[in-house]
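Here come two complexes built around chain A, the first alongside chain B, the second alongside chain C.
Right, the complex of A and B next:
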């Protein structure tokens, strides 16, 4: 044990004297802190925008109250009034922004057909979206392996190349002890840095202290362990430092870049999503067809869904709001199978990606982080469902006004249903990611140790 | 002498089995990326062409309707994919595919591929541009890092110099030799791309495409030249092969991974953009109350009506030859479109300011220069996207104003009447003409100059550094 401590201490001295490694560690620390700042600032910006929406709504209500000073037809209000469906981030979103920057985090809904409004997108700078988010998850998943590679590519080879390995091994030190001590020191540096950044990130983002903290740390720590396993595996080959550097970088490129991008191509081809284009066209056609169809026919079809309004007076006038909203609803109904297929297709696509994520531990980890933060596609689909229920609630609110001809008074604005949705953490998916990660880690260590055992350490 | 060194390097590279394996791998990736890209391009393009044709037919086959109904029925503009987008998808994954064009409002461009995918898509897409921009430089680094250090370590550099060769000649010889090796990997893929382009749809706009492809190839040639010269210079200045390799890999990570992301994120943080809700609310506010706040919509409408009465010398709406509703609608559309255009231009300016940091960073980082150049030439950059949005909005405006004009000419009581089905068939449909190369080049001056500056600067300053480096 004393020997181990001694070796550990010499590694520390070595590390302290290496300007390049210190610089790299410092850079990574800076990158991590910037990532935390960026993520929290981005989420704070989204929260601020979400918090401003009710004020926009109130402003519009004031305008409508001027436009309709007395009791108004509810149809008019439903046509003009904007209701906002809000998708609040969890505190975790600051650490892994996921898809929150490309998917809209609020929807402006009117009483009109939902399908024409559900897929509106937010103002997004596509250049920024392409570059991706510089959040803590990016630093952990992309950059940490590079530090591990820089620390470990010459694990034994540098001593061999400098000719001091025979000297070292002439001491009462076994090669295994040497490797273990070197690894332990490097592991301490990397895990220490990861833990420090995570602690700062969790505190800065004000994440509630519960089991998810452990899950986050396990994902990050497991991922670092995996990369150390790769370092051991490559070191076990006992080649030159240059070869090791290339091999490790090749592994990084394959696992972090190539496999995910190939998977992306494969998943898109294996689960073609019925395009949203067909869906919007269908919905518009059905809704606008409503104008040209006999009113009796439209109302009859509507009443099969809402029999409670069946005894409403027959429409004789050229235009009636209840008829207008009836065919808006029927338009949504006619597009419903397409909408369901579209949502299911996306969900299946994501599920397939998750199942295949074991091919790249980087992907398992990233998807795990995003699931924990509730910032991936399933969270957005859940928000869309929640917004759909909100639209249902709005219709349920307005229908009695429309069909029983109740005038809409100023007091009724305050009775309108409101909406707020916070995406939940998908701990189940995060656990699944952790499981995949642990399996890859065990596999890579088993392989590395088997290789190390297999042959003696060559000293030249 | 330069030629024989180049020849030796080239042959040496070919005999190096590691290089052969790596370059075969890259070549396979490039070819796969070309084919996958082409397939993805064809699928999306077919989908959008079909959808555009469908909505065009729907528009032309409308029954007799009131023109304002038709304005609300509207139409869709689908963004066709650029011909070269299969080489560099650029922003296409993050820009929408379709925008709904209707009266009174400007909608967002929806259904971007990224919105229909999980975060898997954020790991990047396998594309020819990705391989050329990121992976080929890595191959070149592995090829070149030992250019001088290995000769020095083996003691052969002294021998070379004793023959009267200068360091500079050795450097040029190596640069040329590695250049040939790189061409061996890249040229087949670009050849395949050219072949695919040729076998694709009719050569409509042919020369434009070919000149884009030629410049695309030329841009990458300069980029690879910069990488090779840079790597050779670093190798000449480094004390050991390992140090050269670590330095070069560090530069690669910084240039290809960290700087592009950091500069774009930083830029976005510096210049916050308005949300769609804020923009819509501001447009509505100004359209209602006038751009200056002293010109509300109902006053404008009343003034317009009074002016019509005066113009036609009547006192009753019934006697007017035009429909007041139609004329008011046209005026309102013109006004709100003007307001919208101002806000849209401001938003675009904000985005341009956000992106400026990473555009200027191309002076520091050749990767960022070639990325912009490549997207711009492929027709998938920000400028091309804005061009589409503006074309769609211009069509929307023309369409709606045409329909408003029809309504105005229907005269008093237009609401009770319809125009017959033939009216709609006479209206031209949306057809998007992608901007020509000359237009695109206007946006690419900075990255192109940055890349050239790198090439010239390295050939001049870099090689002077080589002159001064250690000989043995």
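Right, the complex of A and C next:
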């Protein structure tokens, strides 16, 4: 222990004397703080928008009340009135924005066919989407390995190349003790920085202090441990510092960039999913076709789904709202198999990506962070399901007005259903990510230590 | 008296090259053995085998009765080593480097004690607190010598230790070796310096192509005779 403390202390002296490493550590600290700011600012912006929507809804109701001063046809109100399905972020979302920037966090729904509205979101700036989110999870997953590489590429080769190793190993200290102490100091620097940034991020985002905090720290810590394992594995080869640096940067490029990109391509090819646009077109074609269908036929088909309205009056007019909404509904029904295939396909893609994520610890960690923050694809799909249920509730609310010809009064606006959804943390998925990460970490250490033990340390 | 350093049929082969051919040698405490030989003769290989830096192909090396291959850490408590070119952490001072090396050896010295060791090795007192990056080769060599002395080892393994030292410092180093030898420290020194070998050695060995071809007590021949003997073996 005395020896370990001594070597640890001298590592601190070496670190203190290295301006480059101090600068890099400082830069990463700054990047982490910016990531926390970026994430919390983005979530605050989304919360602000979500908070403004009810007021916007009230404003629209006031406009409708002016437009329809007395009792109105519910079909008119259902046609014009926007209802908002709101997807609130959890406090955790500030630390890992996940897909909250590319998927809509609110939907503007009318009584019309649903499918087209589910995918009709505002356009995302593609340039901004390309660069991705600069949140804390990004800093931990993408940038921390670079600091670990900078700290560890010359783990043993530095002493050998400086010629100090023979004099050090002429003392009663083994190369393994030397490597472990050096590794421990570097690990302390990286984990300390990660813990500091996480503490600032958790406090800044006002994340509730519960078991998920431990899971977040375990994911971040486990990921750093994995990269130190890669450093040990490369150092065990006892090659030059420049070779080690190139090998480690190659590993970073492979595990952080290439493998996730290739997995994404593979998953997309292995689990083909119909496009949201195809869904919209199919639904729209069915709806447009509805205008040309005999009204009796449309209503007969509709009543098979809503038999409670079968005894309503036969439509004789040229246009009736209940007929209009019936073929809107049937449009959704015609697109239902495609919609189910779309949702299932997306879920299957995510499940496959999760299963294959062990190939890239960066991916396991990122998926774990997003699951913990409730910002992953399943969270968005859950929001879409919730919005679908909300649209059903709107239909249930409006249909009695439409089919029983009840006038829609000003008082009825207040009875309209409202929607709010907050995706919870998926701790099960986060634990799964942690499990994959730990297996990769154990494998890389086992390999590295076996190599280190199997080869005598070359002093020159 | 049991030998403090011993080689029994010590042999080292590399693919296509015999680096050391069945060396048998014993050193008693207080003895100074100087090993002469050309570059590549196997002198450094012998020292590296005693340090446990390389594994022997056959035979065994012993320090204080302990086999080097079996007790790689324990034997290092009994020996000190000065390489031909002492390299240290350049961003640390001479004092800090010496403190590290002696602490690793298990000695906790005060700053004044460390300064005393450096001065005794010939380092100017004002240089002790300076970063080693500013030192000359000779100054680094003196820190190496100080670390070896501060370790109070029973065996000194020296690989061209006076390389980089000026004549005055070399003389002082010779005196230091004689002083340590009189206190019972055994010295095994690989060198090209025939004069130094005759001056400080109690025995001298000549190595050629990995084989110890001659061993003589230094009392039996003068410097010129030693030089002639060496040249004869090198022909």
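Note that in this section the second predicted complex is superposed on the first by the 458 of 460 C-alpha atoms of A that agree within 3 Å, B and C clash if a C-alpha of one lies under 4 Å from a C-alpha of the other, contacts with A are read in each partner's own complex, and residues count from 1 in each chain.
Keep this in mind: a residue touches a chain if its C-beta (ideal position, glycine included) is under 8 Å from a C-beta of that chain, and two chains touch if they have at least 3 such contacts.
Everything quoted here is computed from the prediction, not taken from an experiment.
Colleague: Looking at the overlay, what does A:435 touch: chain B (first), chain C (second), both, or neither?
Modeller: Neither: A:435 stays clear of chain B and chain C.
Colleague: With both complexes superposed on chain A, which partner does A:98 reach: first (chain B), second (chain C), both or neither?
Modeller: first
Colleague: Mind working out whether A:3 is in touch with chain B, chain C, both or neither, as first, second, both or neither?
Modeller: Second partner only.
Colleague: Let me test your reading of the model: by the given contact rule, A:237 touches which partner, first (chain B), second (chain C), both or neither?
Modeller: Neither partner.
Colleague: Spot which of chain B and chain C makes contact with more residues of chain A, would you?
Modeller: More residues of chain A are touched by B.
Colleague: Which partner does A:168 reach: the first (chain B), the second (chain C), both, or neither?
Modeller: second
Colleague: So, A:277: does it touch chain B (first), chain C (second), both, or neither?
Modeller: First partner only.
Colleague: For chain B, which residues are in contact with chain A within the complex?
Modeller: So the residues of chain B in touch with chain A come to 29, 36, 40, 47-48, 51, 54-55, 58, 63, 65, 69, 72-74, 76, 78, 90-91, 93-98, 100, 107-112, 114-126, 130, 134-135, 138, 142, 145, 241-242, 245-246, 249, 253, 257-258, 260-262, 264-265, 267-269, 272-281, 288, 347, 351, 354-355, 358, 382, 385.
Colleague: Which chain C residues qualify as touching chain A in the complex?
Modeller: For this pair, the touching residues of chain C are 48, 51, 53-55, 72-74, 76-77, 79-81, 83, 85-92, 96, 100-101, 103-106, 144, 147, 157.
Colleague: Going by the contact rule at the top, pick out the chain A residues touching chain C in the complex.
Modeller: For chain A paired with chain C, touching residues are 3, 6-7, 10, 13-14, 17-18, 162-164, 166-174, 456, 459.
Colleague: Which bits of chain A are touching chain B when the two form their complex?
Modeller: 20, 31, 34, 38, 41, 45, 49, 52-53, 56, 59-60, 63, 84, 98-99, 102-104, 106, 108, 116, 119-134, 138, 142-143, 146, 150, 154, 161, 241-242, 245-246, 249, 253, 256-258, 260-265, 267-268, 273, 275-278, 280-281, 284-285, 288, 291-292, 346, 349-350, 353-354, 362-363, 366-367, 370, 375-378
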